[in-house]
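Labels run A, B and C following the written order; every chain starts at residue 1.
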Amino acid sequence: MKVGLFIPCYVDQFYPQVGIATYQLLEKLGVRADFPVKQTCCGQPMANTGCEQDAKPVYRHFVDTFQGYDYVVAPSGSCVYHVRKHYDVVEQTGAVQHVRQATYDLFDFITSVLGVTELPGRFPHQVGLHLSCHGQRGLHQANESEMTPVRDGQLSRLLRSLDGLTLTELSRNDECCGFGGTFCITEEAVSARMGQDRVQDHLQHGTQVLTGGDMSCLMHLQGIVRRRQLPMRVLHAVEIFNVALQPSGTSVSTFVPQSTTAERV
Amino acid sequence: MPSRESILAAVRANRPAATPLPPVADFAGEATVEQFTHWLHFIGGQVIRLAPAQPLDQVVRQLYPDATRIASDLIPATVPVDQQTPTEVLEAVDVAVLRGELGVAENGAVWVPEVNMLHRALPMISQHLALVLDHRSIVATMHQAYAAVQHTGNYGVFIAGPSKTADIEQSLVIGAHGARSLVVLLR
Amino acid sequence: MSHPQRAAAFTSDAERTTWHDETLWFVRQKRDKAVYAIPEFQELRQLASDIKEHTLSRLDEYLEQFEQNARANGVQVHWAADAEEHNRIVLDIMRGVGATSLVKSKSMLTEECHLNPYLIKNGIAVVDTDLGERIVQLREEAPSHLVLPAIHLKKEDVGETFHVHLGTPKGEKDPQNLTEAARRHLREKFLIGQVAITGVNFAIAETGAVVVCTNEGNADLGVNLAQVHIACMGMEKLIPRTADLGVFTRLLARSATGQPVTTYTSHFAKPAEGRQMHIVIVDNGRTRQLGRPDFRNSLKCIRCGACMNTCPVYRRSGGHSYDFTVPGPIGAILSPNIDMRQHSSLPFASTLCGSCTDVCPVKIDIHAQLYKWRQIIAQEGELPVSKKLGMKLLSSVLARPAIYRFGGKIAREGLRFLPHALTHATAFNPWAKARELPEAPKQSFRDWYQQTVK
C-alpha cells in the first residue's frame, strides 16, 4: 500500500508537530507514508473566496503530485472534503478521479481503510472534541445533531478507546467554530464571537485538552484560548494518539494542562 | 393579460427537465385517543371524554359557567349565528360549540369544514371554542387526514389548540387573536 | 454597508448577541426534539424535495391548472411580472371596491414587493395583524426573521413601543399583558377591515385552493370578516395535489418552531357568498432563478426559517445585518438573483458549515449554493479588488512549489522574529483583534521530514 502524506500548507509551516505526529502514528499502525515534497495546497482558500478559476492550476498540481499513490492521507478533514467535493471543475481525467477517491482524512483512513476503531494507550485527561463541519457534515465522519440525538463518530470512538480519557459532554455538540477560511478575516467580528462561544462551552464543561481533526478550526480556537489565557491546552487529535501510543514502559502524557501563553509543544 | 403570457413563456423556457411526481405518501402511525390527547395537551388544548349518555349542554354549562353568549348548532344556543350574522354580534360570542369532523393523533388538530362553522369567522372570533368529535374519527397522521378529507371544500381549517403567539421574546402566550381556549369533547 | 459591517455593529453589544443566539438556539432545539420524534422525517424531506422538483419541472402546466380551478371557484386570478405590477394590482382591487383600509396577515411576498409603503403613499391604511409584524410595523422596521419577525427585540423594547402607540402603562413588559393589549387593539382593526391580504403557504393545482398557516388566527379572522380577500403568492408556492399537503404540513411547523403543526392550517378555495376573493401570482425574478440550474432549487423553499435558527452566523449577526427581505442563509442565496452587486457580501456571510442544508425540510443545498454564488460574484468582478488580486497571487504561489516553500518560510520566520506588536497590529491584521497568531516553530514539517526521514 503506497500512502502519500498531504500536510496542508499552514500545518507544514506553523504546526509541524501535527505533521510529525501523523507520520509517526501511521508508522505505529504499520503504514510507512511518503511525503512528496513538491506538494503545496489543496486550493480551498481561493475557491471559498470565489476564485475557483484561479485555483485550477493548484488542483492540477495537487493531482500531479499525488496521482501515483494508492491513498492520500491528510490530518485535515476540510482539505480532504475540498479535494473530494470541489475538484469537479477540472477535467475528470483518470488521475483526477483517482486522487479524489483516494484522498482520506487521517481518522477516516485509520477507521475505514485500516479497520482500526480502537487504539491502545493511555491519556488520563478530560478531552473536549471539536468536530469540524467539513469532516462531520461534509464527509459524514460523525452524526449530525440536525438528524439524530445520538452523538457518535469515528474520532469520538477512537478517543473513547484510550485509557483514562474522559470526553467532555458539550451543550452544543457540533456548532461551527467560526473559522471558515477567509471568513475569519472578512467577517472577523462574527468569526471571533463564534470561536469565543465554542471555547466557553468547553470551558464550562471542564475540557482540559481541546482537540479535533482539523487544525484550521483548532488554530482559530487556540488563538482565542491563548488571547484569553485560558487553562486549556489545544492539540490536534493525532498528537494525543501519538503520545498515548508510546511503546510500553515509556511514561506518557505527563503534562498538566495549564495556561498556554508561554507553552510550546 | 400580457404578464400572464410572458410569465408562462419564461417558465416554459427555463423549467428543468421533467421528474416524476412521487406517489401519495402514507406512513403508518398510532391513531389512538391517547396520542391525540397527548398532543392536544402539548399544544395547550384540552380533551374531555364524554360519558355515553351525558347531555352535551350540561357539559358545556359546567365548562363555561360564566358564558352567556353561546353559539352552536349542537346544543340550544343563546346567540343564533349564520353566514349573514353581522360582525358586532359575532364579536360578542363567549363560546362556540361546533362539530369537528376528524382528529389527527400526531398533532391534536381537528378538521373543521365550513359547513360546521355557522359563520366562517366564528371559530376564530369566539372567545372560547369547543369542538365535539367522535373518537372513532381520529386518524394517525396528516397523510391519513388528507386522504379522509379528500377535498378541502370552499373553506376549511385544521384547528390545533388555542390561538397562540411567541412573538415577544419567544414567550408562549395563549390567546393571540383567535380563541383563548380550545376543548375537544370526545364522544 | 456590507454584511460584515452591520454584523460587527450587532456583535458589539455582546450581551444582546448572547441573548439573540440563545433564543434562536432554543428554537433550533425545539425543532430537533420534534424532528427526532418522527422516524420518517428524513423520508418526508426527500418526498417534499421531490414533489417540489416535479412541480418546478412542470410549473407552467400547474400554474394554468391552478388558475383554471381557481377561476371555476369564483376567484379572480391576477398575474404580476414584478413587484411594481403586484402593488398596482392590489391598489386597483382596493380602489375598485372603494376600500381605504386593509388588514394584512403575514406575507413575505408583500414585504419583498414593499407593498405597505406603496399603499400608504396612495392613501390606504395598512395594518399588519401578526403580532410580530405589528410590532415592527409600529417601530417602522423591517422583520428580522421569516417566522419570528420581532426576534431582534426584547420585551422591554416591545413594552416601550406599545406604551407609545397603544397606551400600555410605562414599564409594562410582561409578554402576556402586552399580547392582550395587542389583541384588543387589533380586534378593533379586524372589525373594520374592508380588505384582507394574506400570504400563501401552498397553492393546490388540482383544486385551486390556497393554504395559509398561522398560529395566531389572524389570517382567518381578517379574511372572514372582510368583504374582499387578496391572497398574494410567489409562483413557486404551487404543489400538485391536496394529498401533498400531508407531507408539507408535517414538515413546516416542526422545522419552523418545533410545533407538531401550526394552530390554524386554513384552506381557502371559494369566497363566502357576496364576497370577493383574488389571487395575485407573482414572478418578480422567480422565472430567472428557475433558469439558473445551480440555483433553481432555492425555489423549493417553504419559508420555515429553520436555516436561520441553525445558522451560527445569523444567530450572532441578526436578521437586519442581511439587509434583504429574506435574511439568513436562504436569503443569501435568493438575494444575488435580485441584485448581485447590492447583495454581494451575503454569500460570504457564512462559514459553509452546512447546518442550513441539514435542517432544510425540502433539502435545498444551501451551503453549496453559497459556494457557487461566490464563484459567480468573483467572475462578475464583484469581489473587492484586494481580495481578487490576493487570490491570483496566492494561486501563482501555490502552483509553484519553490516559491511556495520560500513564501512559507518568510511567513513563519517573520512571525518568529518580528515583534508581537507588529504581527498583531489590528490595523492590518483583523485576525489579531480577538486571537493570537500561532507560535511559529523553528522548522517546518518539510524540513523535519527531509532531515529525519529521507
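In this section, contacts are C-beta pairs under 8 Å (C-beta built on N, C-alpha and C of every residue); 3 or more make two chains touch, one makes a residue touch a chain.
In this text the structure is predicted, and so the values were computed from the model without any measurement.
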Chain whose Cα centroid lies at the greatest distance from that of subunit B: A
Closest chain to global C-alpha mean, per-chain Cα centroids: C
Centre-of-Cα separation between subunit C and subunit B, whole angstrom: 28
Geometric centre distance via CA averages, subunit B-subunit A, whole Å: 52
Centre-of-Cα separation between subunit C and subunit A, whole angstrom: 33
Subunit B-facing residues of subunit C, complex: 23, 26-27, 40, 43-44, 47, 50-51, 53-60, 63-64, 73, 79-81, 85, 129-132, 135, 148-151, 153-155, 158, 175-176, 178-180, 182-183, 186-187, 190-191, 204, 207, 209, 215-218, 220-221, 223-225, 235, 240-247, 249-250, 257, 259-270, 272-273, 281, 283, 287-288, 290-291, 293, 296
List of subunit B residues in touch with subunit C within their complex: 3-4, 6-8, 10-22, 24-27, 39, 42-43, 83, 87-88, 90-91, 104, 106-109, 119-121, 123-125, 141-147, 149-171, 173, 175-179
Residues of subunit C that touch subunit A when the two form their complex: 3-4, 7-8, 11-12, 14, 17, 21, 25, 32, 35-36, 42, 310, 312-313, 316-317, 348-355, 357-359, 371, 374-379, 383, 387-388, 391-392, 394-401, 404, 408-409, 411-412, 415, 430-431, 433-441, 443-450, 453
Contacting residues of subunit A [partner subunit C, same complex]: 7, 9-20, 23, 35, 37-41, 43, 45-55, 57-58, 60-61, 86, 133-134, 137-138, 144-149, 172, 175-176, 178-197, 219-220, 222-224, 226-227, 264
